[in-house]
Every structure is written in C-alpha cells, then in structure tokens.
Amino acid sequence: MRTQEQYLADLAKMRPNLYIDGKQVDRTHPMVIKGSQVIRYTFALADNPEYEPLLTTTSHISGKKINRFTHIHQSPQDLLDKQEMTRKMCNMAGGCIQRCMGCDMLNGISAAALDVDKKHGTHYYDNFMKYLEFFQENDLVAGGAQTDTKGDRAARPAQQWDPDQYLHVVERRPDGVVVRGCKVHNTMAPVADEIIVVPTRVMMEDEKDYAISFAIPADTEGLHLIVREAFSHPREDNLNAPFANIGDLESMTVFDDVFVPNERIFLNGEYEFAGNYALNFALFHRHSYTGCKPGIGDIITGTVALLADYQNVARQGHVKEKLADLISVAELVYAAGIAAGYKSTKASSGTQMPNVVFANVGRRHAGHNVYHELNVLADVAGGLSATLPMSAQWNSPLVGDYVKKYVTRKEGVSSEDNWRAFALASDILTGEYGQVMIGVAGVHGGGSPVMEDIAIMKNYDLKGKMQLAKNLAGIKT
Amino acid sequence: MRTQEQYLADLAKMRPNLYIDGKQVDRTHPMVIKGSQVIRYTFALADNPEYEPLLTTTSHISGKKINRFTHIHQSPQDLLDKQEMTRKMCNMAGGCIQRCMGCDMLNGISAAALDVDKKHGTHYYDNFMKYLEFFQENDLVAGGAQTDTKGDRAARPAQQWDPDQYLHVVERRPDGVVVRGCKVHNTMAPVADEIIVVPTRVMMEDEKDYAISFAIPADTEGLHLIVREAFSHPREDNLNAPFANIGDLESMTVFDDVFVPNERIFLNGEYEFAGNYALNFALFHRHSYTGCKPGIGDIITGTVALLADYQNVARQGHVKEKLADLISVAELVYAAGIAAGYKSTKASSGTQMPNVVFANVGRRHAGHNVYHELNVLADVAGGLSATLPMSAQWNSPLVGDYVKKYVTRKEGVSSEDNWRAFALASDILTGEYGQVMIGVAGVHGGGSPVMEDIAIMKNYDLKGKMQLAKNLAGIKT
Amino acid sequence: MRTQEQYLADLAKMRPNLYIDGKQVDRTHPMVIKGSQVIRYTFALADNPEYEPLLTTTSHISGKKINRFTHIHQSPQDLLDKQEMTRKMCNMAGGCIQRCMGCDMLNGISAAALDVDKKHGTHYYDNFMKYLEFFQENDLVAGGAQTDTKGDRAARPAQQWDPDQYLHVVERRPDGVVVRGCKVHNTMAPVADEIIVVPTRVMMEDEKDYAISFAIPADTEGLHLIVREAFSHPREDNLNAPFANIGDLESMTVFDDVFVPNERIFLNGEYEFAGNYALNFALFHRHSYTGCKPGIGDIITGTVALLADYQNVARQGHVKEKLADLISVAELVYAAGIAAGYKSTKASSGTQMPNVVFANVGRRHAGHNVYHELNVLADVAGGLSATLPMSAQWNSPLVGDYVKKYVTRKEGVSSEDNWRAFALASDILTGEYGQVMIGVAGVHGGGSPVMEDIAIMKNYDLKGKMQLAKNLAGIKT
Amino acid sequence: MRTQEQYLADLAKMRPNLYIDGKQVDRTHPMVIKGSQVIRYTFALADNPEYEPLLTTTSHISGKKINRFTHIHQSPQDLLDKQEMTRKMCNMAGGCIQRCMGCDMLNGISAAALDVDKKHGTHYYDNFMKYLEFFQENDLVAGGAQTDTKGDRAARPAQQWDPDQYLHVVERRPDGVVVRGCKVHNTMAPVADEIIVVPTRVMMEDEKDYAISFAIPADTEGLHLIVREAFSHPREDNLNAPFANIGDLESMTVFDDVFVPNERIFLNGEYEFAGNYALNFALFHRHSYTGCKPGIGDIITGTVALLADYQNVARQGHVKEKLADLISVAELVYAAGIAAGYKSTKASSGTQMPNVVFANVGRRHAGHNVYHELNVLADVAGGLSATLPMSAQWNSPLVGDYVKKYVTRKEGVSSEDNWRAFALASDILTGEYGQVMIGVAGVHGGGSPVMEDIAIMKNYDLKGKMQLAKNLAGIKT
C-alpha cells in the first residue's frame, strides 16, 4: 500500500496532459495538490487505528491487505463496511471522498464481464482480473468515465449528427482499438492514476462501436483532461480550516484517438451487454451515495446545530424540528444503504451486488433533499452565511476589531469560534466547492434524478403489488 | 395454538362489557365478528405453508411453537422476521394486522421491568414472565392501552383539574390496586382477550400513582369498552370483496375502579421508570410501523398501478413518476426497519431492541407521507373513486346495464373488474375504514408526529455531529 | 327570484329520473332534500342583509335583480365579487356551495358561442342569450356535465372501441339532435333544474359528432341520473350540527338517446371550437376554486385552531407553524383568484374572462395541498378525530357519562363543546362527505392536476422568459 | 433626476469609509463600480421608453417627475406599479434591483412617524417630509440598515452582555444624538448616498435608547462599511455577459459613535412605536419581494427552458412538469403581491400600505421555494452547470476546439450559445453572486422565514375562522 507521498510522487511523474485556465500543466500544480487532498486522506489514514479497520481489508485474490477502495465486495458485510467507511471518510474530509469512483467502476465491471465471456467466449473477465491484481498491488486510484456529452438528447448514439458525442471505436487493430469521444463530469480524474471507461447507456445492434469498456493510464497519449476546479473562498493562514483546504477537480476528458491495448479491454462490441456495464457502475455508485450523502448530511446537521448553539436558538421549536428533519434525511438514506447491503445478492462472478431497489430509493431520497438541506442551513445560519466579512477584514488593523466585536454572539464562545462557524456555513452555501460538490453533484452524481425513477420502475415487482390489489378487490383475472 | 374458531369461542364467553351504539353487547355481535376478521387471519394462517414460517416461531421460555405475535424478540433476525411478517400480513389483510398491539406491549414491558426490580427489589419481571408463559400457552390476543385522555395538555398528570384524565391508582390493597381513568384510541381492544396497560409518558415524583403498568382480562369488572367502529361501504353480496369485509373497532376504555391483583402488576409507583414503559412500547410499535406502513403502501401502489393499467394511462410520465414516489416511500420506511433490526441491541433482560433512531425516522417518514399517498391514489384513480355508483345500482334492473357500460375502460378488462378496482379505491379514499385506519391512524399510530421528532432528538448523537463541524471549521474548543 | 320553498316545489314536479340504491325516486326523496341543503342556502340568503350584496346583482340583459349564480360576469369587479361570494358561502355552508356549476357553464358558453357564429353564420349565441334570459327569469339551478367516461384513455373519442364513451350525436333531425353517452362526476345534478353540456376536450375533424353543447331540463326523457350520495356520519338530534346536515349528490348522468331541440343547442359539429367550450368552463370553474378552496381551507384552519385551543396546545411552536401553513395555502389561492380577476380580459361577447395563468396556478396550488390540509387537521386534532364515540354513545344511559367525562379537556370548555369540535374533525376526516367533497373533489374538481399544468404551459409566455435568459447570457440568436 | 454618470460622480466625492479586503478604499474602486451596476440601471433606464412609465412617477409633494424608487406610494395603483417595476427591472438586471432598500425604508417611516407625533407632540414626520423632499430633489439612493447583530438571541436588547449588539443612543446632545452599534446584511449600502436606520424589533420600556430611527449620509464620520462582495465567476472578455457583469456588495455597517443631528431623526426613545418602524419596513420590503422573487424566478424558468431546448429534452413530461412548477411558484408570489396592492389600506399619513397577510404569504411562499427553484435548475441543466470548462479553456489554443466541440448539443445551436447558456446556469448555481443573492438572500431578505409566520399569525383573523368552525359544529359559546 502506498503512502500519500508515494501517491503524489507517482502523480508527479505523469505526462502533463492536464489543462487549467487554458494552460497545459503537470500534476505538481498547486491546484492539483490541493485538489488531491481528500484522496490523500485515503492513503494517510490507512494505518490510523481509528480508520484502518474500515479503510483496509483483505484481497480475495491475493490474500494481502489492501485499501478497501481497491476491493471487490465479496459479502453483505463488505457492502456494509464500505458504506460505513464512506460516511466516516466524508465526515472527516468535509465532503465527497472521491476515491469511490474507481472502486465502483471496478466492482461494476467485475460483475458484468464474466457473463459476456460465457456467451461470447471472450476473455474480458480474465483481462479484468489481471488488471485488478495490478490495481490492488499498486494501490491505485482510478477516475471513472461514464457520462458522454450526448449531443442531441432526442437522438440515440448512432443517430447523432456528430458521431463523437458518444465515445466510440474508430479503428480496430490486432493489438487493440482506437477510441474517440469525450467523457464529462469526471470528478477527480485529474488526480487519478488510471481512467476506467464504461458505456453511458444501453446500446443497440447498430451501436457496437459504442459498446466499449476499458482502463488506461490517465496520462495516455491522446487523452486531454480539461479541468474545472472548485474551491472554497480563499482564507488568510491564521483563519484557515480543514474544510477550506479541500477542493474538487472535474474533468472534461477528451479521447482524441486514444489507443487501448487488448489486455485493457473489458467490453468491445457485445452491445447487448453495454447496459449491464452502465447500470452496474450506477448501482454501486448509488450505493456509495447511501454512505456519502449521510456523511455530508452529518456535516450540515452539525453546522446547523453548532450555529444554533452559538446564536442561542437551539431550544426554539422550529430549530429542533429542522434538525429532526435533517437527521431523518441522512438516516433514511443510510438505512436504505444498510438494507441494500443486507438484501444484496451475488453476481455470477461472486461480486456482491447491492439490492437495486433499496440502493435507488436511498440515492433518490438523498438527491431529492440536497437543496432542502442547504435551505435549512441557510435558514438557521442566518444572513451572515452570505455577508460574513472574510479573513482579510478580520486581520485588518483598520476594521478587524469591529469584525471581532460584531460576529460575537452568546457569552462564552470566542469571536474566532463564531467567525469560524459562520465561515463554514458560508463556504458550504456560497463557496464554489460547496455548490459544486454538495449542491449540483448531490443532484446528479451517480445518475440524474429521473434515472433513479427508471431504475426503480424497472426492478420493482409492480405486478406483485397489482396482484395484492386484485386480491383485495376480489378480481380473479 | 388456537384456531380462529377457538378464539371466537373464547370471545363469546366473555362478560358483555362492550358498548355499541349506546347498547351493551357481547362479543358475538356481528360488528365484533366482522371487526375480528384481521385478527382471525393471524390464527387461520398460522399453519398455512406460505405464512407459517413467519407467523410462528419457537418460544424462548417454553421451547414450544408459538404465534410470533406472542413472542419476545431474542435476536436481530427476530426483529427482521417480525417486520416481514407484519408487511406480508398487512398485504393480505388489506390494512393494519392489529395483533401487534399486544406483541409490542409484551416486548416493551419485557425490556423495562427487570431494571426496576434490580433497583427496587420488586418482582415485576417475575410477574411478567409468568404472565408471558400464560399468554403464549393460551395463544392470547391483547389490546394495548397507553394513551390517556390527557385533559388539559398544558398541565402535567398531577396538575389536572380532573385527576382521572390520566389513569391512576385510587386504592392500594394487600392483594392489589384499584385503578381509575380512561385509555383512548385502543385499536382492536374489543376483540382482545386481554388488555395491557402502560403509562403514557414520563412521570415525576408527585405522580407515583400514575406510574402503573399491568395486564387484565378484557372483561374485568369495572372495565367498559365504548366502541367506535369503522367499516367500508357496505356492498351487496355478489360484489363483495376481501377489503370490504374487514373492519376496525376502536375503544374508549374506561377503568371505573378496576381491581388489579398483584401478580398482574408490572410497575407500581416507581415513577422514574414510567417513561421507559411508555417509550419501550412506542419503540416496538414504531418498529411495527416499518412493516405495516410499507404493507399498506403496497396496497396503494398496487391499486394505483391497477387503475393506471385499466384506464390505459400507465405509460404516462407523470403516472410512472408517481408510482416511483409511492414505491420510494414504502421502501425507505421498510429499509429503516431493516436497519433498526440490523443495528438492534439487547436490553438487560435479553429482549432485542430496535435501534431507536432508525425505527423513528422510518415511522416518521411513513407518517409524513400517509396523506401524500392517498393524494396520489386520488389523483391517478380519478373522480370515480368518489362518484362510482355503488353495488345496488350495479344490481338494479333499471340502471345496472348503464353502470356496467359506463365503468368500462380499455378493451379486455371486464366491467366487473373495472368496478371492483374503482370500488377498492373508493373504499380506501372515501370509506370510513380507509380514512380511520390508513389516514388518521397512519398519522397517529405509535405516537403523533411530533413525538418522533422528540424521540429522534433525544437519542441522536448531535454532539458528535457538532464536533465534526468544529473539526472542519478548525474550532478547537 | 325564487325562495327555497319554490325551488323545492319545482324539483318536486319533475319526472322521477333519479336512481338511488337501485331504485327510481323523485326529487322529494329525503336524501335529495338533504342533498339540496347547500343550494337552498343560495336562495334562502339572497335577501339576508349580510349575504345579499354578494349573492345578488343586476342582470346586464334585463336590468333586474338576479342571483349572482345566474349572472354573466361583465367586469373585473364581477369576478372579484363572485370569488368573495363563493368563499363566504362555502364558509357558511361547510363546503362546496355547488351552484357555481351552472354559473360557470353559462359563463363559459357565453364567451365561446359568438366566435362560432362569426365564423360559421350559426345562431348559437342567440340561442344562448334566449336561454340565459329564461334562466335568470326563473332563477334556475343548473348542473354542469362535462366529463365523459372516456373509455380507453389512450384512444381519442372517435377511436374508442365503444363509441358512446364520449357523448355524441347519433341522429340529426330538422328540429334538433339526438345524443347518446354518459357524463360523470356531475355534482349536484340530482338537485338541478337543468343540465348544461359541453365537450370534455378539444375535438378533431373526424369528431364532429362529439362537438356538441346544449342545455336541457334535468328530467328530459332519456336522461337517467344514477346517484352516488355522500353524507357525514348520522347523528342523534340533540348533537346535530350544520356540518352534519349537508350532503353531496353525485350523478352518473346517462343520455340514452336524448332529444335536444335546436333552440337549446350551443354548438353542433363545429369541431374546431369544441376545445373553447371545454376550456372556458374549466377556466371559470378553476376561478371558482380560488374562492371555494380558501373557503374550505378556512373551515379546516378554524377547526385546527379550535381544537388546539380546547386541548390547550395553541401556544406550541409546531401548532402555530402549521396554522401559518394552512393560512398561507388558503390566502395564496385566494390571491391568485384576485389577480385573475384584476388581470381579466373581455371575450368577444363582453364576458369577463379570468386571467388563465393566475386562475390555474391558484387552482393548482389548492389541489396540490388538499390532502396536506387534511393531514394537518389529523395531526393537530389527534386520534379522537377517528375514535370519538358517536352520538348514540353520548346519549346512552349506560356509558354517556363516561363519554362526557373523558372528552373533556381544559377547564372552562363544556363536554358538549369538546365533543362537537372533535365530531366536526371526525366528519371532515372520516366521514364520506368530507372525503368526497374536500378530499377527492379537491383534487379533481375543475380538472385533474395534470390538466392545470397543461393549461399553464399552453398559456404562459415561456418564449419571453427564454429571451430574458438569452439576454442575460449574452446570446444574440 | 440624476444620470448614472452623476450618480457615480457623487459616489466618487464621498469620504473613503469602505473597507475591502482589509483596506480602506473610496467609491471609485473597481469592485464598487461593478457592484453599482444594477443601481445604475435605475438611472440609465429612467428615460428609456420601455421602462420610463414604471420607473418614474410624479411626486405627491413637489408635483415633479421623480424616480419611483424615491416615491411614497399614494394608491393601490402605486403599489401595483412598484411591484411590476421591480419584476421588470430584476428581469433585466439579472437579479435583485437593490434600490428598493431605500424606497421601502422611506415608505415604512412615512407610515409610522405621524402617529408618534400625534401622541408625543414630536416632529418626526416634519423631519421626515423635509428629508423626503431633499431625497427626491437629489434623486438619491439609500441603503437600509435594520438588522442588528443581536448577540445572544435568547436575550433582549437591554439584557445583552455587550450592550452594543443592538444599535443604541450613547449620548444625547441639544443638537442631536450619538449612536453606537452595528447593522448587518446591508445590501448595496456601499453604493448608497445615504443610510436609513430603523429598529430591528419591538422595544420595551427599558429599551428607549434602542428605539431610534434616522437617516445620515453614507460617509458620515464614525461610519465604517466593511464590505463582503459577491460576483459571478470572472470571464474573459469575448465570453462576457450581462449576468456575469453584475455584483452584490454587502456591508457590515459599524456605527462607532456617530452623531445624528436632530433634523435627521425620525424616532428617538418612544419605545412603544419602535415595532411599527421595524414592521413597516418589513411589510414594504416583503411586498417588494412579491415583485423581485417572481422576477428572479422568471430568469430561472427561462434558463431551464433554454437549456431544455438546447439539449432537446423540452418535450419530456418531467421537464414540462418542472417548468409548470417553477411558473406556479413565481405567479403565486406575484399574485399575492397584486392582492396585497388591491387590498391595501391607507396609513394616517396617507401612505398606501400593502395588505399584511397577502404580502407575507407571498414572501413566505417565495422564501420556501428558493432552493427548490435552484434544485430544478440543477436538475434540468445537468452536470455541466458545475463542470463546464471556463472561458480561459474555451479560448485556449490547446484545448479550445475540444471545448467547442463537446459543449455542442442539438443541431442548429452554436457552440458559443450552448456554452453561454450553461455558463449562465453555472453562474446561478455555483457562482458566489448566485448563491448569495438568489440563495441565501432569497431565504432571509425582508425577514427570515419564521418572521413571516409570526407576521401572518399576528395579523390574521384566526378568531373569525374559529367562529366558522363553531358555527358548523353547532357550538354556541
């Protein structure tokens, strides 16, 4: 297992195919370092006694101790442990722990590839298992690339006026394929060692070139990672805080005729399985959300409770009701994840699959409530969450004393603690990191809201429920 | 274990202390028979191969096979089985399965009494265990009596202008106590063998007489059960249906100086434990709701899906979204119950206690959504759910043919099936049974909505969440 | 203007074409009398000084004083007065005032017919104006018949496997037409003098026979009114109350080859105008809802406030918040009606048309919140709204004193007042009248929820809003 | 009336008492210029034929043409015009038009001061009218300063451990008073000519020093404006857009022993009237929200519709439903404002006062839905609202072509138009301006949510509604 220093050193060696503010940069750029903070926690805490029992596990292939983010879930307990790890790590990091991207990709492919081989005599599962061994051995971090740009949403992949709006194979060689296209919303891809690709949706017979899944190093020739960064408001050093020190790097990942060698390919043309790859990743990722969204909910709940305490309104009925509401959102989502783990089943490969309905109703409830949670925070935190003078004002010899005097609230809480608490609310509510990672990503991560409805409707025993109604109505047919 | 016939025969032998429409009646009254239907299912299906694995279990005291409704939960699996049984039985019965009242009372007391004995050297747990043996041996049905009339809600029990507004001890004798007061909203008490009583709330030192818990036969001298019945619209025989054949009997249960012998007493004056009895019942009962509310949700979901199919609107986007929403409500609540079972703990007596937070967020979500579910049913079912001509019109030689012609919808579904489906929606939405048992009871059963907020806030690690926020804000104090 | 006695006398003279419980009855049947109560208020109060200024106005055709329910709105003030009258009358009656059905039909046709004549040289508007004169002169009450049974919802009228699922012309004679079909959900049609018919939707060229509008006496040969009644729980006399004394009669109105004379026809085959008739009625009826739904909301608000007071919980934060919420629903809907009146426009005939967007957002908000309002009532009223012993128990020499003692709450409010307040909540929440008229009709009256979305989207200047966004985004095209 | 150039020139002459990033700056600072953009619109468009009819009116004191933002409303039409102006100006500006702060302060004081004079023989209304003349004559812009820092929220002003947590008089001189304290959340105060102060709440007899209202130049000695700025993401010039060019400057406004001359004082110690000043401003400001919130809602609706069109998902059912929902929120709030104007009344001074209940239910509905509207935008806009590569990436010779290719969607819409539309969504959802001005200010502006509940409950005829319920229940007492 790597240290965070080794991880950064490995990033530093990579080909500089990142683009920030229009310029080509390598992975020692300060924004990259800051953007890698949460991933680094997953290395740094792997031997911390508090986090180690969850953050590490034993590989079912090598028998070695590995980071859980590189593990293929083998049992209900694995799923429950992963969920708990995710919540705990998000609690600590202050938001999305990011490394689940690769983990969920690996698990999704692990559960899909063997079925293709069984039908078509291909060797995708072998490819995958060798890749997994390499991945675990090197304690790697992978970005997940699923969402295509999709062009005209009313047209299918093969009908696009620009065929590259879905990533596809443009050339087939004996030793591999060449792909072209662009994957978007690739969270943490700029700080990943590897990029793992799956189709974005079900594919039809005329879309074989779009039925492609593979993994490649994140600095492969032809790959261009166009970065969109999101950080909280910058602060002067004396008022810095863990939450203000993390960030998110999103990538528009362009595949400009990228070569993928055969041994790195996990699906290639067997179009009728493309949907499985897409849905499996979505399933594992939605299950991840049953851990991370409660983890982020905890932070919002804690911030609301803290500011209610500092302002001395914690005993007001409406504050208590709002806290009960925040707690309910988080714990219902978490409960759905527990149920998804408890009612999980095995794929043909042995991978443990969360229950689809529970994972989806959990993710759905989380997504439906993200902005409601932000609303509650804005409500209880009050106007200072938007109007708090920033750190340079606090440090000013001209007006710093005024700021200190007038951010003070009830007796016994220092000006600085008040400022810090309001600044946390301000970062969550008005900082770009908060809005990108908690707001928009909270709605769309793991699939947009309507996708969960579709997943639920597709997997639910609605006929069984209709039969119940028929029984009670006395309908025999 | 009793048969339903034995159960009815035992009811028939009881002292006639029921009052219906102002008249004293015994338990052979037709309304009582109809009102006992769902309880009878719990006897009749106990040896049905489909229901038996859930409906029966092994007594941890006698080692004999018993009805699960008389069981004290000993393991997480017991809680999970009870939850699943509850959903399945509600699915079949068409609503509240009712017999959980006594079961949840028994479990609540089982988990509270030993602690009193340990502190006070009393013998309540022994009393209870002997009673439990008798209860299981005779396969009894108990009503639960918790909610007092409460009089002036702004006054505590001991401060009421009428001291009887909370049930209390009015005389202490060597062989027992005499109690006076009235318990309300006692679902199924009119069809119960026994009545089990616990305090309605935490009690203070000056409220020792109110800290009383016991069990007595439902026809004990001095007990008066003033019945409020709720049935669906009556139907002519040829159009009858299982849903229209069940009913609910609620009791205002008056204790007019009722004697309770010592061996039937489970708490008597140890006021500081009164809250435990109240809250334990509430906890088990809220956990029951994580089974029954999804069970009722299933019926609503099925009815919506059936009517959407019959009217040929099932493919409309808004219908699918509404179904996804109904499913999400039911499955989130169910997931909360699974999590409450999975994260359960043991009381000192060995009784398995559902996790308080999960049980409460589940019950809370159910209660918050009951009327929303009815709304969705009304929406998709359409106006006929309120304006459908009833069975006598269908059977009329004068207009029956018109009714048949004009309740028909898409080709291939018979007039009768259409009528039956609309009639089910009509019963749920506009029948008294539907409104009492699905509507109002769905809001208040197991404790009114605000009580769940209180239970959540009391049991949640809010300080831990505040600490997370402090960590992220860089607050050291 | 008629008295209520004259109105009843006129009903009594009609041909007995009502069917109750499968039997043919005339309009002196006790259920009809009880079901006509709210209509009778509109006669009885027309010379009551408190109601007269709103309930009456001056005919723009005769210059005579008429009941406002027979008036064609001529100005914004007319619309505002009608809205206020509706709220006030619903406040008094305890629910839907019912007589707006005919009023909204008249107004809708008055605003549609002239345009047909202008294009086609027909004389529908003349027919209508003569009918209106007769209608006002005789102070008539009309039922509105719009909603067809619709059969297979996925098929258009002309494509139905049973062509009668939409009312249509089956024979054309020199002196009129013969129609066949069935209109449903015809509130108060059993107590109406006349039935006014409009198409249920937009019609296509092959649906000319379905493009038909007319008015006929409610006892015309071939008309059959199959009644579904909805009343509150029956009470013994000493505990009777105005709310318990009203009822609703819904009709499935069958047109079994009914002849309509030419002078009573307002549209006949000009299919491209059918939608106007349908939408105009909907528009006026949705505007009516901006008066009646706040009127019913007032009753719920008042009942919640009353029970909060009697139980002494009025000062609790959550109760106040719930009341604020109920008030907001009612007043937003009312405000939408005011805005619809204030921003109204004139049809070619001079009829004052409510603003479509405001009328629809108001009706939509009302419909979306009906079950929420019931939920709040159930929440604050508590379990007794479902378990209150009924009047025969109160009057029982055996248990009446218990009932009286135990429905008492805070000092200073009599047992009877407590019982009456809980009984009102019980009638609203669990009585058939409450569920039919407040619940289901609150969702569907004036058009089902999705219809309002469609009306809003069709009439809103969405392009204008898109242009605003383009301006701000710097998009020139 | 001033031009925008004169306005800026006047700002430039002021004493440099602004603090940005800890440094003292004058009002020619680039952030101030950018932050004054929306105020400048109110000058620049005053003679634009499209805006002039609303933006200007005739002074009731001088008879001269004045900017409506300096006007005291004299009629319902004035209130309706102001509401319409506010919506239209917000539509154009891209958010809060800001200048209503001073306007609402003036109107609030105009309606409160005369009553004090009548009781106490003071001359506050004279002072105010002279000030108003000066204000209109010079076409001034005023910031409103109401909200105190409040310190310990559980303590009243006179009980604070730091007495300065509410602004108060610390010295009384023959020619005026000296005040100390701090007002927060003072939107646009940094670009205002004047600051107008009112108490934040009702005051008690021991809080006379806190019962103070006045107006002073914004650069008065002792005044310190500590600025918090909020702008959208910066863009390179070729991709700039109106929405990206506006900003918000909030001020923590410190009164460090500021002298206020007698003629500028509008309340001074008459504590029993303090609440009127507070509530009057709140009332006018909440009425402003019934114009501005729909105006901002229009922008969100337009952006959603535009992106739905560009992505070709506009015909999907869930998109149409979401648009109908956004429209309903905006139009209900607007309708509430219309009703508040239509049902307005006159203060003793002749100032036209919006109806309190309608203004509050409108503002309340707006505030309850702000984050819901953002949620819908995030939902339909999709992930690019958070991950769109910014303008420097677009302009990069290295990756610009990729960005252009892959932000393209349906045929016929240019890459640039797509980028601009997504960038608008990104600014609203993830830019600081959007989050501060649309998000948090949308919740708290004009008073936090719970304040509206309080205002509604205080002004509503709840007794009247209880009486309706009593009538229907047959309760005579």
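To keep things simple, chains are lettered A, B, C and D as they appear, and every chain counts its residues starting from 1.
By our rule, contacts are C-beta pairs under 8 Å (C-beta built on N, C-alpha and C of every residue); 3 or more make two chains touch, one makes a residue touch a chain.
Every value quoted in this text rests on a predicted model; they were computed, and no experiment measured them.
Any chain that touches chain B and also touches chain C is listed here: A, D.
For chain pairs A-D and A-B, the one joined by more C-beta pairs in contact is A-D. With centres set at the average Cα position, the gap from chain A to chain C is 51 Å.
Separation between the centroids of chain A and chain D, computed from CA atoms only, is 37 Å. Between the CA-based centres of chain A and chain B the separation comes to 41 Å, rounded to the whole angstrom.
Residues of chain D in contact with at least two other chains: 318, 321.
Interface residues of chain D facing chain C in the complex, by the touch rule stated above, are 91-92, 94, 239-243, 298-299, 301-303, 305-306, 309, 320-321, 323-324, 327-328, 331-332, 334-336, 338-340, 342-343, 357-358, 361-362, 364-365, 414, 417, 420-421, 423-424, 452-453, 456-457, 460, 462, 464-475, 477.
The part of chain B that touches chain D in the complex is made up of residues 316-318, 321. Interface residues of chain D, counted against chain A in their complex, comprise 19, 21-24, 147, 149-155, 161-162, 164-165, 182, 184-185, 224, 226-228, 230, 233, 250-252, 254, 256, 311-313, 315, 318, 370-372, 374-375, 378-379, 382-390, 392-393, 395-396, 398-400, 402-403, 405-411, 429-432, 435-436, 439-441, 443-444, 448-450.
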